[in-house]
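Starting off with a structure, shown below.
By letter and in written order, the chains are A, B and C; residue numbering begins at 1 in each of them.
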Amino acid sequence: MWRSARAAVATILCLLTGCDGSKESGSATTARTTVRVQLNWVPEPEFGGIFAAQQDGLYAAAGIDVDIRKGGAQVPVAQLVASGQADFGVMTAEDVLTLRDRGGDLVAVFAIFQDNPTGFLVHESNPITTLEQLWTSSSTIGVDANPPYVRLLNLKYGGKDLKLVPYTGALAGFLASKDAVQQCFITAEPVECTLRGVPTRVLSVGSVFNPYAAVLATSAASAAKRPDQVEAFVQATSEGWRRYLADPAKYNPAIAALNPSMSLEAMNIAAEMERPLIVPADGSPIGSMRQERWQQLERELTEVGTIEAGRTPATGVLWSRSARETATTP
Amino acid sequence: MNASAVRAVVWPLVGIVIVLGVWQIGVALSGVAPYLLPAPTAIAHAMWQNREMLASAMGRTALGAAIGFTCAAAAGILLGSVIALIPFLRRSLYPLATVLQMVPVVAVAPLLQLWVDNGLPMAILSAAIVALFPVLAATIDGQASVDPGLRELFKLHAASPLRRWWKLDFPWSVPTTVTGLRIAAGLAVIGAVVGEFVSGYGGARAPLGIVIQAAMRDARTDLVFAAVALTTVVGFALFGAVSLIGWLLVRRWHASAVNESEDRR
Amino acid sequence: MTRDPPTLQFDRVAREFSGGLRAVDGVTLSLAPGSLTAVIGPSGCGKTTLLRLAAGLDSPTEGRVESGSARSSPSVCFQDPRLLPWRRVIDNVALPLELAGVPRAQRHESALGVLQAAGLARAARMLPAQLSGGMRMRVALARALVTQPQVLLLDEPCSAVDEFTRMQLDAEILRTWRACGATTLLVTHSVSEAVWLADRVVVMSRGRVHADHAVRLERASRERGDAAFIGEVEECMRLLAAASGKEAA
C-alpha cells in the first residue's frame, strides 16, 4: 500500500514539475524512441509535411516513432510542450514568445508558414473590403479569444463598435448570415465555401501582422539533452514538406481519412494555395527562420501588452544547430 | 450573533485558510511552473490587478445566470404545476421532460447560437435550459406527494381539484420546490458560462467565460484561476440568495427549518 | 309516539374489495339521533371501513348508508390531526367553512368560537408546529365541530396520544358532544374509553356486528376505577372475546 501511494505521489509531482515520460535513449543508434507531436488543429494540409514524413517512413528511418496527436480550438499546445506532455508542438510564433514570457522554456525549431495565412472571411456581398473598414464597423466577428493580432488591430483602428464572439471553427453560423465575419485560414474556410458555391472574400491579416504563423517548437531542456534527435526530426520534417508540396495528392487521402469535416477535394486545393506561404521566397530550405522577424514580433507583443518588455528576450528563441538559422539580412 | 452561528462561519474559513496555505507551500516547494499551477498569491495578485475588468465580467455572468434562473424557475413551477394537476399529462410529458436533463448543454449550445443573439441572450438561454429540469422535477414531485391524509380531508369537504391544488398541493410542495430551485441556481451559473464559451462577447464586454478563454489563450493561468474562482462566487451568491428566500418561506412551519433551529438550541 | 328519524343508518351494508375481501359484510345498524355510539373490535374487523362509509370517503358495494342530511354532511375527526402545517390554528379550524364558501370574517368568528369553547383560544394564532400532539388533536376536534354537524364520526381519535392526554381528550369529546348534540359514532380499540363515553357499544368482528350492548351506567356515575364501571368493561371484553373466538373456531 505504501509503495503504490509513493508511486502515486511521485507521478503527481512529476506531472506538476514537468518531467516528461519519454524513454531516455542512451545511444542514438539502437533504441527507437517515441516522439509525441501535438498539432494545434485537426489534421489538415497545414500539417501536410509532417504527415508526409510519417507516411514515407522518413521519421522511422531516422530512428523516431512519431505519434501525431490532433488538436482543436482550446488545446493549449504551448503548455503541453513546455511541461513535457508532448515533445514537439505546432503553435504560432506568438504562442512561443508568450509562454516564454510566462516562464515556459520553449525554443522554435522549424517554421511551417513563412507568411500569415490568417484572415477574415466575409461574404462577397458584404461591402467591407479592407481591414480598416472592418475594424471601424459594428460587425460581429468570430475570433479566437483576444489574440495579439486583434489587440494590434484595436491599437491601430480602435474597434470599439465591434462585437467579438468566440471562433468555434464551425461554418454553420457564417453560412447562416450574410453579415457574418469570421477569422479564417486562407487555406481552409474560403476553400470550403468555394466548393459549396458560396462566394466569399478574405481580408488578410498578414498586411498588419506577419509573424511565423505556425512553427514547431520543443522544450529547450529536452533539445539540449537530445540535440541529435531534434536535428533528425527537423531534417525529416523538412524533407517531408518538400515531398508533400511536390505531390500533395499522394498524401492527402491519409489526412482526409483522419478528418471527416474537410473533403479530399478541399484539401487538394488548400495544398496548392498554401505553397507560396510555406516555401521561403529567398530560396532557403523549408522551415528556416530569421532572428529579425522574431525581434519584430517581440516588439509587437510588447506594444500590445501581451509580454513584458525585456523579460524574456527573443534572442534565445531559435534553436541553433547548424543550418537552421540563416544570417542573411532582408 | 449566537455562538453556533459564529462557529458555522469560522470553521469553513479555517478550512479554506489551511487549504490555501498547503497550496502556497506546495507550489513554492515543488517549483511547478506558474503557467501550470499558480500560487494563491499570484492568483490574488491577478485578481487585484484586473479588478475592474473582473468585476464587470462577474456582473455580466451573474446577470445572465440570474435572468436564466428566474425564467427557468417561473417556467418550471408553472409547467410543473400543470403537469402535476393533470394525471394524463404527468404520465405523458414527464418522461419527455427527462430528455431535457439528458441533453448536454455543451453539445446543444452551438445549435442554439443559430436561433438566439450572441452575448447575453445566449447566456440566459443556456442557463435556463440547464436550470429548468431540477425545478420542473421538484415541483411535480412535491405536488404529487401530498400527504394522503390531507388529501382525504379535502375530499371530505368536496373541494374542487383547483381549490385543492391552490390550498393544499401548492403550499405543500413549496419545500420540495425550493430544494429544486437551490440545485437549479448552481446549475444556472454553469449554463451561463457554457453559453458564454460559445458566444460571449469579447473585448470590453467580456463575461467571465470569455475572460477564462482569453486568459487560457494568453497563458495567464493565474487569471484563469481568478476568473474561475469568481465564477464559483457567482454560483454561491445565487445559491445563497435562493436558499435565503426558501428559508424565509418555510422557516416557521417546515421540519427542515424547524429541526435546524432546534438543533442549535 | 313518533320517533325522530335517525340520522345515521346502515341498511344491509357490505363493502367488498378486489380479491373478494368483504371488509364490511352485511351490517344493519341504526343510530338514534344525538346518541353516542362506540364501535369496538379486533384489528381488521371492519370498524374503520364502516366509519369511512358513513363519512362518504368510500361507497358500499351492497346496501345503503344514510348519513347526515341534505343540509349537513358528517364531520370527521381522524386518528392523526391532519392540520395544514403552514396555516395558523384559527385558519385550520376555519378550513371546512372556507371550503364551503363562507366569508372570512364570519368563518373566523365561528372558528374562534369553537376554540374558545375548547379552551384553545390562546393558540388561535399559533402554528401547528408550536403545539403538542395532544393540543393538535384538540384543534382537529374543534375543526370537526366548526360546521355544527349533525353527524360526528371519530376514527380512533385518541390512539396516537398517551394515556393521560387520552383522558383529557375523552373529557373534551364528552363536553363537545353534550354541547352540539350531534349523532356521534366513535370507533376505538379502547374498551374503557368506549364504556366511559358511549350510550351503546357495538362489537364487530370479520365485518359483521356480533354484539350490541347498551351501557347500563348513568354517565354521571361513570368512574374509571369504580367496580360498576369495571364490571361494564369486563362485560364488553367478554363480548369482544366471544366475537373473536367464534370466528377462530
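Points to keep in mind about this one:
Everything that follows uses one rule, which is that contacts are C-beta pairs under 8 Å (C-beta built on N, C-alpha and C of every residue); 3 or more make two chains touch, one makes a residue touch a chain.
Being a predicted model, the structure only gives us computed values, none of them experimental.
Farthest from chain C in terms of Cα centroid separation is A.
Central chain by Cα centroid: B, whose mean Cα position is closest to the mean of all protein Cα atoms. The distance from the centre of chain A to the centre of chain B, with each centre set as the mean of the Cα atoms, comes to 39 Å. Averaging C-alpha coordinates per chain places the centre of chain B 50 Å away from that of chain C.
Averaged C-alpha coordinates put the centre of chain A at 86 Å from the centre of chain C.
Across the complex, chain A meets chain B through its residues 13, 16-18, 74, 76, 78-79, 82-83, 95, 98-99, 102-104, 140, 143-147, 150, 154, 159-160, 162-166, 168, 170, 172-173, 176, 306. Contact residues of chain C toward chain B in the complex are 55-57, 73, 76, 78, 80, 82, 84-86, 95-96, 98-100, 127-129. Note for the complex: chain B touches chain A at residues 30-37, 110, 113-114, 118-119, 197-205, 210, 213-214, 216-221.
By the touch criterion given at the top, residues 147, 149-150, 152-159, 163, 167-168, 171, 174, 250, 252-254, 258 of chain B touch chain C in their complex.
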